[in-house]
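We call the chains A, B, C and D, going by the order they appear; numbering starts again at 1 in every chain.
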Amino acid sequence: MKRLTPYLLILPGGLWLAIFLVVPMVFMASVSTQEGNVVDGFAQTFNFANYTNTLALFQTQFLRSVGYGLAGTLIAIALAYPIAYWIAFRGGARKSTYLLLVLLPFFVSFVLRTVSWKFLLADEGIVLAPLKSLGVLPEDFHVLQTTVAVVGGLVYNYLPFMILPIYVALERVDPRSVEAAQDLYATRSAAFRKIVLPLSLPGVFAGVLMTFVPMTADYVNAGILGGPQNTMIGNIIQTKYLINNDYPSAAALSFTLMAAMLVGIFAYAKALGTENVLEAAAR
Amino acid sequence: MKRLTPYLLILPGGLWLAIFLVVPMVFMASVSTQEGNVVDGFAQTFNFANYTNTLALFQTQFLRSVGYGLAGTLIAIALAYPIAYWIAFRGGARKSTYLLLVLLPFFVSFVLRTVSWKFLLADEGIVLAPLKSLGVLPEDFHVLQTTVAVVGGLVYNYLPFMILPIYVALERVDPRSVEAAQDLYATRSAAFRKIVLPLSLPGVFAGVLMTFVPMTADYVNAGILGGPQNTMIGNIIQTKYLINNDYPSAAALSFTLMAAMLVGIFAYAKALGTENVLEAAAR
Amino acid sequence: MTSAIDLDEVIKEYVSHGEVVQAVKGVSLSIAEGEFFSLLGPSGCGKTTTMRMIAGFEDPTRGKVRLHGQDVTNVPPNKRDVNMVFQSYALFPHMNVWDNVAFGLKQKKTPDAEIKRRVGEMLDIVDLTGREKRRPREMSGGQQQRVALARALVNNPRALLLDEPLGALDLKLRQAMQIELKRIQREVGITFVYVTHDQSEALTMSDRIAVMNDGLVEQLAGPREIYEQPASAFVAGFIGTSNLLAGTLAGGVLKVAGGRVLVPGGQDGEVNVTVRPEKITIDVDEPTQNVSAVPGTVAEVVYLGTYNSYAVRLSDGTEVTVFQQNANDATITAERGDAVWLSWQPQHSYAIGS
Amino acid sequence: MTSAIDLDEVIKEYVSHGEVVQAVKGVSLSIAEGEFFSLLGPSGCGKTTTMRMIAGFEDPTRGKVRLHGQDVTNVPPNKRDVNMVFQSYALFPHMNVWDNVAFGLKQKKTPDAEIKRRVGEMLDIVDLTGREKRRPREMSGGQQQRVALARALVNNPRALLLDEPLGALDLKLRQAMQIELKRIQREVGITFVYVTHDQSEALTMSDRIAVMNDGLVEQLAGPREIYEQPASAFVAGFIGTSNLLAGTLAGGVLKVAGGRVLVPGGQDGEVNVTVRPEKITIDVDEPTQNVSAVPGTVAEVVYLGTYNSYAVRLSDGTEVTVFQQNANDATITAERGDAVWLSWQPQHSYAIGS
């Protein structure tokens, strides 16, 4: 019995991964090489051309998604860092209240928020129409259906997942070590660069993990705020699955995306040391 | 200048809330009492009948959503608590690795995971077809298009947001206080009920905050895994917004849902003490 | 009369990184009813593990634990009639003082009226009446300490186990609490088992002390015997300040750095001789009586209020510490750089194995 | 010669919950070049705030801070030629020992070769050679303490500020580090300003001590004067153990509980007289000489290794503590319950305002 214990301990975790990670992925991998259609059914033919074909066809959207994901992630860092910094170091006794204020908007459903922004920013909507009639903006100015709108939407929707881990990492930086750096002749900016920034990087990394993947796979923002020029790979996959019923192509695309993301995450976590990242993510 | 400082300090937080919370909500409130259609345009007529009409019409879906949200939240607690407990108290030095394993599946995009389950669990799919042909299950057995499938999907997709805060709360329980309870004649179960459970409640509460709202407003799971009998209010809102273009009704529904959620959250946070909840949520 | 606590060749092994580590390597003890017994030693010596086996939090790998003659080796902690005061108090943070103290009685299904009476009395003893509604985090370290004590004592345990209970307090408070603890022990008459790494704490309070090192008891005796007749170099070094003089003993006399050390009853051969700093007299002239006498030079004089501490360097380089009570204004009998003679009575030299 | 550090009527006010709180209520000090100067007091007395104003982390509300005669009141910490050793060390957790110690020199753009030489020498002084690549969390408390010391000293500051640097260490290590710190201070010859709440630490190491209480300096003097001639009841109570006898002084004599206390030069009237426990002799017979003599009953004898502590209860209920060095086997001259006479030389009675 005692000898079996280690294996028994692995069992629940293994089952968990098997059911929630391995099974869907294996199934998706299997579908991705099938051929057929929804009327006649699908058959496994190990048709790897699904991959090459869809990738060739949707290369633009694929690269665009990664590009939007990267841009969104970088902008989110740029916005989240000062906010998290301010709360962690200047928030004083009210830290948690400030954090509540910052996170409050995000308790409201994702899609509802995004749709309401679509109306607010519509070409003849409440914001742009008066400005246009006043002549402040040209008549053909528009916000929606642009890259700016989609990336803005991504940032807006995933910002809290960047703020939280950065806040947690900053909150754990001992303010005395900053004082120590200043005592050792570092200017405020040097103390930030040499002490605060490196110590907060695990939080930034955790934030990247938590935002880059969903941003890249997102389809809601492109669907609502974007135009035909902003279609992301998530939209393609969704259309193929739900409207075209072209399951193999959709699976091939999904699988490629997912595999790329997982490889990226693992490489990233490995490079940083899993412990650091998770510690930052978990606390 | 010094006198202005407190107001200046409030400014960024106030702006944040104004832009990301108040503006969308006010706009939505305004739209919700308008009349018209997408061709002729909408006009503000303070038509509060939008509320009463839509609520009367979609009462079933409204109640169903809240019911699904509640059921999903309760099941998520029941699943998440033992997992979080095990990692926090039995995880030893490998705590963060276990946490990674548990969270790993959730780095994969929400919709992709859900869709792959739809295929796995299809009536003639890879799981049910063999069982049916072996006679283990009756021919008309199905998983999809049932309440079980939708609630299961909700639980599956939001589970990590329940596990994380509970884990964080449990991880902060001093194991010595459990020993102290046992030393003071408490059985293992009494020590759990009197010490661990009350100390972990803020984590459970934070988990409820993070899962109940998005579960109730969710439309992806009902759309993919459910049938006509499982339509949630999120699906109605989405259809009204994106397909029917019936903005006022959609806004009225959204606003009602959002307001109900926010009131619930505030009442909840107030009852528990904001500090406790946020402390648990933030760390 | 049976003793309160018996440990019978208790061994505790852990598996750490695939290797078996013995935290406690075979400890046998008998603690008498009503005794104030201390387990003293450096961190990692096994003293806390030993106490945790008495409380029931650890199962001995081998050996027996008996409470009042009854074998409790496999009895869980909630069924043992001993209570523990934890190092960091381990108070229940979500309960107020009253509920913390009443916890054990409630678990034992004591009638409400009796709980009320006993908790009230106990809070009175530890001087916390009027603070029943406070939460632990709203209290100072000393107050938390008293809550922890009350929470354990209110159950009238047959023995109280204390795991470095004063470690988190500052000096003045620690000294006050030492006196307080000793007073409470005398009042309630319960056996106290006290784990500490602070030798002065152990000396002040204990009836008997077990000095532990590396999983074993090195010496078990009263404070005076432990201090005056250390059984090993480890005990001599760990308890207080000790001077160690090494050399070859011949005919009860050790020749050291131009002086002589008398070691009555010492075995001839290579020896280490210890002498306590407060036993040594410092003088300019060579003593004429039949005492141990060694010449040296004062390397440092440190004024410490109650006493002065001299560091005297012998011609062979050994440094000897001498304490001299600051009994009047003119106590400092030598200055830095002075050549002096150190002398002490023969009975204060102890030969211990090297 | 200008002094190293001057504080000129320095006041520090905070706003807390809308009320102005004075943490430091007007402190003036002159610390000499090369001096070991301690700020001693209980927590909240303003000693740390005072030091932080010297370092530049806090701006005084009023008053001036001068370093070597130069007004630095508004100079930021990175432009002040003093370095600080923080209470919890505040080492940089993401840097190894070498990078921690080299930090200040790198910030000052010191040439690489010189950094290499000076960091190497410094690590040698604090005995950490060979551990350059360790991270702070991989080291023991004592080692971290030495890294913190090296990180500050390597910059050759004109003064070193130490904020309870030994507070996190255990007793044995603390004592060893006290000696080590004093040695390093003598070697490098730098002014040390040392903040502590531990009176024995301050007595052991300091050239001069400023005893602070409630934002003010109560006494500023050498260790011996602070101990032997406390300026106030607060100082007498805070530094060591002190007995307090109250009564009416008439003609230099205080009648107490059937005995007499001689207070030469004391003003007649209501007084508090202090006497240190180690000045008192305990005897069965009434002393015949012209000394202070008070009868009482031994309430408790505590054996403490180097000395015995007696608690003697006088007939008016006052408890007097007496220390007696454990110089030979037969030191305990009285047992619990014995009637004894306490006596001490007239010059050891100090009258302080009540």
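Everything below uses one rule, namely that contacts are C-beta pairs under 8 Å (C-beta built on N, C-alpha and C of every residue); 3 or more make two chains touch, one makes a residue touch a chain.
Owing to the predicted nature of the structure, the values given are computational and were not obtained by experimental measurement.
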Determine the shortest chain-contact distance, in steps, between chain B and chain D.
2
Suppose chain D were gone and every other chain stayed put; which groups of chains would still be connected through touching?
one piece
Centre-of-Cα separation between chain B and chain A, whole angstrom
18
Need the CA-centroid distance for the pair chain A / chain C, whole Å please.
58
Note the residues in chain B that touch 2 or more other chains, in rising order.
none
Tell me the shape of the graph of touching chains, choosing from line, ring, star, complete and other.
ring
Please list each pair of chains that are touching.
A-B, A-D, B-C, C-D
Per the contact definition, I'd like the list of chain C residues that touch chain D in the complex.
43, 170-171, 197-200, 203-204, 223-224, 227-228, 239-241, 276-279, 281, 302-307, 323-329, 345, 347-348
In the complex formed with chain B, which residues of chain C make contact?
55-57, 76-79, 83-84, 86-88, 90-94, 103-104, 107-108, 151-152, 155
If you look only at chain B, which of its residues touch chain C in the complex?
174, 176-177, 179-187, 190, 194-195, 198-199
Can you list the chain B residues touching chain A in their complex?
12-13, 16-17, 20-21, 23-25, 27-28, 31, 86, 95-105, 107-113, 115-117, 119-120, 126, 156, 164, 167-168, 171, 209, 213-214, 217, 219, 224, 234, 237-238, 241-242, 247, 250-251, 254, 257-258, 261-262, 265, 269, 274-275, 278-279, 281-283
